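Quick one: the structure is below, questions incoming.
Chain lettering (A, B and C) follows the sequence in which the chains are written, and residue indices restart at 1 in each chain.
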Amino acid sequence: MTANTHHRFRDKAHAALMDEPLQRAMDKAGDGFIARRQTAIAALDQYEALRSRAKSIKEHTLDHLPEYLERYEAQVIASGGQVHWARDAEEARKLVIDLCRRAGAGSVAKGKSMIGEEIGLNHALEAAGMEAVETDLGEYIIQLAEEPPSHIIAPALHKTREQIIAMFREHHRSHGYTEPLETVAEIVDEARAILRDKFLKADVGITGANFLIAETGSSVIVTNEGNGDLTALLPPTHIVLASLDKLVPTPEDATTLLRLLARSATGQESTAYTSFFTGPKPRNDGHESAYHVVLIDNSRSRILHGKYRDMLRCIRCGACLNHCPVYTNVGGHAYGGVYPGPMGSVLGPLLDGLAQAPELPNASSFCGRCAEVCPMSIPLPELLRQLRNDQFEERITPLRQRCATRLWSWLNTHPRLYRALAGPAMALLSRMGRNGILPRLPGLGAWQRGREFPAPEGGSFVREWNRRRGRTRHE
Amino acid sequence: MSEARREILTRLRGESGTNKAGVRDGAWSSSAGPRPRLDGSALEVFVDKLRQNSASVVRVDSEAAIIKAIGNFLRVEGQGQGQGQGLVVMPHPRLRELNWPNDLEIQCRAPRASDLNVLSLAAFGIAETGSLVLLSGTETPSEANFLPENFLCLVDRANLIEHMEEVWQHLRQQGDFPACVNLISGPSRTADVEQTIQLGAHGPRRLLVVIDEGSKNE
Amino acid sequence: MRVALFATCLVDNLRPRIGLASARLLQDHGCEVVVPPSQTCCGQPGYNNGDVRGARALARKTITEFEGFDYVVVPSGSCAGMIIQHYPRLFRDEPDWRARAESLAARCHELTHFLSHVLDIRLDRTFEGRVTYHDSCSSLRELGIHGAPRTLLSQMHGLVLLEMKETEVCCGFGGTFSVKFDEISERMASNKTRRVRETGADVLAAADLGCLLNIAGRLRREDGGPRIFHIAELLAGMADGAGIGGPDKA
C-alpha cells in the first residue's frame, strides 16, 4: 500500500456516490447479505452463547499468543512443514518470493487472502518475474480490472455483470474465448475453464488462512468455490500466509468460530468447503508437496499491547461492512486501504498510521449497527471514537475543528455566557426563518447543500420555564 | 531460529514475559463450546441440510441399491461432452469391493483433472451442517473431492455424527491428523457476479451423496 | 417524585416546545418537574470529536447539576445514551466521579422509556392521523428502546401507526458527521425519506431532534412529505402546527 491511499475519503466518496454502475451494483448487493444473515442467526440455537464463547476463545489466545505460536510452530514442523516469521510486509514479501524462487516457480496460483492484499504480494510476485493468478472468481475479476478488493469477502461486489463481461472479452480473447457472454452461468463457466488451466500449471499455490490451530499445526480455509482447495492441493508447493491473530488453540475452538463465521458473512450455515491442512500433502506421483507457513506480524504485536487490542479478535466476516450505512452507500474503494467499512476504518489507521488515514475514523455516524452484528463483539464505534481522540491529542485533527470543539465545550461550561449568546442568536435566526426554514447561511454551507435547516422556534425552554416558575413562586 | 521469530515473540511477550498459566496444554478437548441443538435425528438433519445446499441425496440399504443409485445418477448427470458415463472410483476397499456391474465403466485409480465422475468415501457425515468429512490418504485422495464435474460420495449411516467436535475427538484418539480434512457441504458455488448464486465455480457442479443405511459390513 | 428534565441543547434552543411538551407529560402523570437552569450540552459533540477532556468537563457539570433528583428524564435517545452509557466510561480511571456518573446513569431515562416503563402511563388523548415512527440509532441500539414509543403512540385515540421499512437504519445525522460528510449524510437521509414516504403517513415522529432536523431538512428540500413532530409533542397534544421545518412556522 502506498502511503497516501487513505487520503481524500470525502472526494472518493463523492465520486462513488456519482458512479452509477457502482450504485447499481451496491444496490443489488445491499439487502441480500443482511436478510440472509438475519435468517441464519435467527435459526441458530445458542447464538449469544456462541458469541460470548468466541470472544473468550480469542481473548484467551491473545493472552497466551507467544505460547500458542510456539506450539503451533512445533506442530507444523512435526508434521513435516516449515514456519517462517515475518516482522512486516516487506519481510513477508521477501520470504514468499524466496520460497517461490526455491520452488522454481514461474506461475503462482493464489487463493483469496486479505493478508496477501495487505502485504501487496501480487505486485511483488510479478515484479520478481512470476505470474500470480487470483483464483477466487471475485479476486480474479478485480485482478483483471487492476483494482483492489472493495469488500473483504466479496471483492468484486462493486462490479456489474456488464462490466465483468466487457473485461472477460478484453482479457480472454488471447485464450481463444470470443463468444458473447450474457448470463452469470456463462461468465462462471468461462472463468472456470481458464482458471482450471492455471491451477494445473501453477508451481506454487498460496492460500490465506481463516484460522491456525495450535494443537495440530493446521491451517483452516473456508471457501464456496473450492478454489482454495485446488490452490492448496494441486501445485507441488503450498504456502500459507497468515497474520498472528489467526491463531486459536484447538479444532474445537475453530469449530465454535466457524459456527459464527459463515452465518455472519454470507448467511450460510456453513460454506461449501471448510478445509484443514496439516503438513505436506501426499501427491499422485508418490511424492509429498512442500508445506510452508509464513507467519506475519505487521503491527499485530504492537496492537496487542495497546488500546486497540479488541480489533485482533476480528475474523474478517464482513458483517460490519454489510450493515454499515456509509459502506453500503459509497462502496469499499472510497476507504482507500485494503480493509474497508467499520473494521477497515479501525484497522487502516492502525496499520498505516493515523496521520495516513485521517478521515477514516470520522467516516461513521456512530449508528452502532457494526458492533451489534459483530460476532466477535468488537466495540467498533468505541474504537473509532478512541481513534478520534488520538487524532485530537496528536493534533492530526485540523486546527479549526479542534478550536471549534474546544470552544463548544468551554462555552457550555459557562452557562451564563452560553445563554447570553444563544438567546439573541436563536432570536435572530428565528426571525430569519421563511416558511419554517433558514435561508442560506455561511455557517450552514455543508448542511444546506442537500438539506434545508429548520428555523429555530425562538426562545429558550430552560430560561422560559425557570422564568415562569420564578414568577409563580413570587406571586 | 530466525531473528524475526525472536523479535516477534519478544514483542508479543511485552513486559509480562511468559504466561503459561491457563494455557490449554494437554487438555485440548475440554475446549468444546456450545453445540447448537438439532431439529431432528442426525440422519434427518444431515439429509435436509445437504439438500438445502443443492446436493442430491439418496438413502439406500443394500449394496445393490448403492450401485443402482449411482447408475441412475450417472445416466442423468454423468455424461459430459465427448466423455462416456465412466466412473473413477477411489481405491478404498469399501468402494473397490462393491459389486460393480459390467455395464458401468469403472476405473479404480487416482483422480485426474479431466475426470467427469469421481466416487469417494466420507469418513463421517456431520448432521449439524450437512457436511461430508473426507480425510486425505492414498485410498481417498483429496483431489478427488474438487477436480471432477460430478462428485459422488458414499457415507455409512453408522458414521453420521451430530457435531463437528466428534471428528476432532476421533482424530485425537487415533493420534494422527491427516494432511487434509475436507468438510464438504454441497457442490462448488460462487456469488461473485452480482451476488447471484451459481453452482460449479471451480469444484464439482454436482454432488451426489449416497447414505448406506443397511449394508455396512467389515 | 422529583424529576429533573434535561432538555438537551438542541431542544432548548431550536424547538423549546418539545421541552414544554415533555414537562407537561411528566406533570400530567404526577411528577414534580424541575429544570435545572444552568444545564447546557451533555458533552457529546466533544466526546465524538476527540475532545475527551472537554467532554469530561461537561459531564462533571451535568452530573453535579442533576444530583439529588429521583429521576432525570431526557427527550433524546442520543443525549440519554451519552449519560447512561458513556459518562461512566469517561471516568473509568476516576473512581469517585465514576460512582457519581453511575448513580446518574441509573436514575436517567429517555423520555418514552420513562413514561412507558417507570410511570407506566395510560394516555387519554386523541390524534387523528397516520403516523410513522423513526427509531434513533442511540435509542434503539445504545438503550435498547423499541417498544416504548410504539406503545405510547398506540394509546392515542385515532392514531394509526404505520411502520416504515428499515427502521433500524441510520438517517444519516450522526452529529457533526452530517456536515463533515454531508454528501453521504444526505444520501442516507434520502434513503430514509424514501422509506418515510412509502408508508403514506401524514406525520413522522421520533424521539431525537437531531434525526428530525435531518429528515425534515431533506424532506423540505425534496419539497414536501409528512408533518414532523417530536414524539413528546404528539403525546402531549401539542402537534397542532406545521411541525418541524414546516411552512408556517409554529
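Methods note: a contact is a pair of C-beta atoms (placed from the backbone, for glycine too) under 8 Å apart; a residue touches a chain by one contact, two chains touch by 3 or more.
If you're wondering where the values come from, they're calculated on a predicted model, not measured in any experiment.
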{"item": "Most remote chain, CA-based centroid, reference being subunit B", "value": "C"}
{"item": "Chain nearest the overall C-alpha centroid of the shown protein atoms", "value": "A"}
{"item": "Inter-chain centre distance, subunit A versus subunit B - centres from mean C-alpha coordinates, in Å", "value": "30"}
{"item": "Whole-Å separation of chain centres (CA-atom averages), subunit B against subunit C", "value": "54"}
{"item": "Parts of subunit A lying in touch with subunit B, wherever the complex brings them together", "value": "25, 28-29, 32-33, 44-46, 49-50, 53-54, 57, 60, 63-71, 79, 84-87, 91, 135-138, 141, 154-157, 159-161, 164, 184-185, 187-189, 191-192, 195-196, 199-200, 215-216, 218, 224-227, 229-230, 232-234, 244, 249-253, 255-256, 258-259, 266, 269-282, 284, 295, 297, 301-302, 304-305"}
{"item": "Residue ranges of subunit A in contact with subunit C within the complex", "value": "10, 13-14, 17, 325-326, 329-330, 362-369, 371-372, 382, 385, 388-393, 397, 401-402, 405-406, 408-413, 415, 418, 422, 426, 430, 433, 435-437, 446-447, 449-466, 469"}
{"item": "List of subunit C residues in touch with subunit A within their complex", "value": "7, 9, 11-20, 23, 35, 37-41, 43, 45-55, 57-58, 61, 89, 137-138, 141-142, 168-170, 172-175, 177-191, 213-214, 216-218, 220-221, 242, 244-250"}
{"item": "Contact footprint of subunit A on subunit B as seen in their complex", "value": "1-2, 4-5, 7-9, 11-14, 18-20, 22-25, 28-29, 31-37, 49, 53, 110-111, 113, 128-131, 136-138, 141-143, 145-147, 163-165, 167-168, 171, 177-196, 198, 200-204"}
